[in-house]
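Order of writing sets the chain letters: A, B and C. Residues in each chain are counted from 1.
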Amino acid sequence: MGAIENLLFGIFTLAIWSLVYRENIVYRIAEYFYTGFAAALILVQGWESAKKIALAPLLKGEYIWGLVFILAIPFILFFYKRTRPLYMIPTALLVGIGTGIGMRGAIHTQIIGQLAGSMRPLIQATPLDTLNTILITIGTFGALSYFLFTTNIRGPLKVIPRIGRIFIMAGLGGAFANTGMGRFANMSGVLLNLWNKTEAIYVIAGALIVIAIDVLRQRMK
Amino acid sequence: MSSYEGEIRSIAIIITAIVGFFFLIEYFIVWTPVNKTASNITAYGTVLLGLAGIVGIGNLTRFHLKNIFRQGKNWIPSIILLISLWLPLVLGLLYTRNHFIFSYIYNSIYLPTSQAFFAILAFYIVSGAYRAFKARNLDAAVLLIAGILVFMSNSPATGILWPGFQPLGKWIQDVFTAAGLRGITIGIAIGSVVTSLRVLTGRERRHLAGRGVE
Amino acid sequence: MIMSIKKLMEIDSRYLYLVMLILVSIPIIQPLGLPIRPSDYAIKVYNFIESLPPESVVVIDAAQTAGYGAELQTQYVVILKHVLKKDLKLIIVSFSAEGPMLVDMAYEGGIISGKPVDPAKYGDVYGEDYVYLGYIPGGETAFVSFARDCWMTKTDASGTPLEELPIMQYCKTAEDWNVIIAFTGGNHEQRIAQWYNAYLVPLIFGVPGVSAPRMYSYMASGQVYSMLSSLIGAAEYEILTNEIGLAAALMDVLNLGQLCVVAAVIIGNLGYIVTRIRGGK
């Protein structure tokens, strides 16, 4: 990376991190730049893909691919009031495909697959595996009962959703820890580059000066 | 509302139902003409989804142009957004992503910004852990203890303090996290299947210009 | 005493951020060399790839994004090196818009990739031993489409027709795959549904930390073979393959950062308990 790239790296990283100090226009500019480019990236890549998969065969005589481009026209017509409703046609097609595929995937993978995974013989080869299988079975059905039964269960059965809730809390504790690990992993990559690039260090120094001036201004008020 | 919007919406609901149920049923059919048709439709859908970004870009442009002309909130960043949107877009569409300005912006600006966005949450995790993560009752205590143990197991350096942190953290994740989140996964899947059925039967129409939910 | 504990509990968060930033920056200036021990999951992935017969088809779904770069890109690079070392047929495809940029970065080197990966160093020839098919949009629809027809892109990422690439004779549909390794921060269930459940292809994930908890239930049920979780998974794999790179270098910062959070939790709770015992709110 050259000097200008290092400088840009430092500027935009600290612009985003300036949000932890307080909301400011530098953060907004960086955020909006990011949003604009992200949108451009998605369409550029989508068009590249469309050229390869659809346009090239169309130009070679596979005219069925023309249907795709005809169906894409309502996406542009969306912005004219009179023709806006036509947008519903390709949307309906995409939603139909996604819903049909998604539904069969969800049933097979997340419901049947997961339930089957919970219904294992309780007695396993080793005592630890046996304990784990018993705990997983109890925990899964407890967590399910906590979610699926919308009435308040009273009496002796109320212990089942209570156990489920304990398992969910333990699971969420682990999830929080993994999320924290992930965020610090991202931070480690940023910090390594910030501290190892000379120009980025100048930006850090500049940012510290700006913060110091702001703190002094607040004190003087 | 256009005069023909109602008719188009009805056609759209029928299309969703036909296509959706076709894919559901196709799952159980092993017959080449049906499977080939499904493969072709998914290929068309793939390309169409790639082009659907046009709507997002148009909406962004319209919203931020209005903001600039009205000099609304954050109108200066809106100018930046439109520049960062249209300049790479035009270059990318004409010259592909390998154009040096496009890839320069990606490597020098977008990539560090993206990383900084994800990394900023580390700050809030620390302050959240300090302020909100309190063992006020049994549930919170379980959450706290599991969280701390998994944190310790995810830091291999804690093996110096006690080698048992890693196996203990792994056990918590293999048993408690797996069981607790499995229940949540199944619950979410049941909810998504119900919503999908509502979409396929036309009771849920939010995806069609936002009008009409039964 | 109560008042000072209360003040400590109500301290401005920005002081916490500053302390944390200083602490996690220490290993960058002075590396600590804290130990890394490979986990069972990383060992399982390593042994699986090691046990693949020659000319097995390995499909890599390079769906990483810049945001998860430090986690997924480091995993991608170390797995890429391992697969290139062996006599395997490697098909790389991206189901995320940023994938192509990051696949290129792995070969060129970069801030989240470390040193460049040179397939020629392992004796691999493009088109015969490995190929990159480019980006396929569409999410789950694309997973279904690609599994049914791996030639759907018609050309590779640089425009070469697939008929001219000998490696593609090994890969027509998902039934030809020996394993699929997906580096992604989302759509895990959809990949499991359309690849493992539909074709019973062993599925290995490289996931960011935030997605790892969901994978435990799928690994327990056998739907996911194993996974590399976050930067730590990449570092463990670097130790196993003896290709020490960026991930191992970043582990010290990660270790200290996590210990900061643990310290914050413990101090916060100690203050809370003391305040409660002495009758405060």
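Heads up, the rule we're going with is that a contact is a pair of C-beta atoms (placed from the backbone, for glycine too) under 8 Å apart; a residue touches a chain by one contact, two chains touch by 3 or more.
In this text, all values refer to a predicted model and were calculated from it rather than measured experimentally.
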Chain ID, smallest distance between chain and overall C-alpha centroids: A
Most distant chain from subunit A by Cα centroid: C
Most contacted chain pair (by C-beta pair count): A-B
Centroid distance [mean C-alpha coordinates] between subunit C and subunit B, Å: 18
Using Cα averages as centroids, what's the distance between subunit A and subunit B in whole Å? 5
Multi-chain contacts in subunit C, i.e. residues touching at least two other chains, fall at 13, 17, 67-70, 100, 111-112, 136-137, 139, 141, 144, 152, 189, 209, 213, 217, 220-221, 232, 251, 254, 257-258, 261
Considering subunit A alone, which of its residues make contact with at least two other chains? 1, 9, 20, 41-42, 45-46, 48-49, 53, 94, 97-98, 101-102, 104, 106, 109-110, 114, 117-118, 136, 171, 174-175, 177-181, 183-184, 186-187, 189-190, 193
Return the residues of subunit B touching two or more other chains; collapse runs of consecutive numbers into ranges. 42-43, 45-47, 49-50, 97, 106-107, 110, 112, 114-115, 117-118, 122-123, 125, 129, 144, 147-148, 151, 154, 173-174, 177-179, 181-182, 185
What part of subunit B is in contact with subunit C in the complex they form? 35, 39, 42-43, 45-47, 49-50, 97, 103, 106-107, 110-112, 114-115, 117-118, 122-123, 125-127, 129-131, 133-135, 144, 147-148, 151-152, 154-160, 166, 170, 173-174, 177-179, 181-182, 185
If we count contacts the way the header does, which residues on subunit B are in touch with subunit A in the complex? 2, 4-5, 8-9, 11-13, 15-24, 26-27, 40-58, 60, 62, 74, 76-78, 80-86, 88-89, 92-93, 96-97, 102, 105-110, 112-125, 129, 138-140, 142-151, 154, 171-190, 192-193, 196-197, 199-200, 207-209
Touching residues of subunit A toward subunit B in the complex: what are they? 1, 4-5, 8-9, 12-17, 19-20, 25, 28-50, 53-54, 64-65, 67-68, 71-72, 75-76, 78-79, 81-82, 84-104, 106-107, 109-111, 114-115, 117-118, 132, 135-144, 146-148, 164-181, 183-184, 186-187, 189-190, 193
The subunit C residues in contact with subunit A across the complex are 13-14, 17, 24-25, 28-29, 67-71, 97-98, 100, 111-112, 134-137, 139-141, 144, 152-155, 159, 189-190, 192-194, 196-197, 208-210, 212-213, 217-218, 220-223, 229-232, 246, 249-251, 253-254, 257-258, 261
Contacts from subunit C onto subunit B in the complex sit at residues 9, 13, 16-17, 20, 32, 34-37, 39-40, 65-70, 100-101, 105, 110-112, 136-139, 141-142, 144-145, 148-149, 152, 189, 209, 213-214, 216-217, 219-221, 232, 251, 254-255, 257-262, 264-269, 272
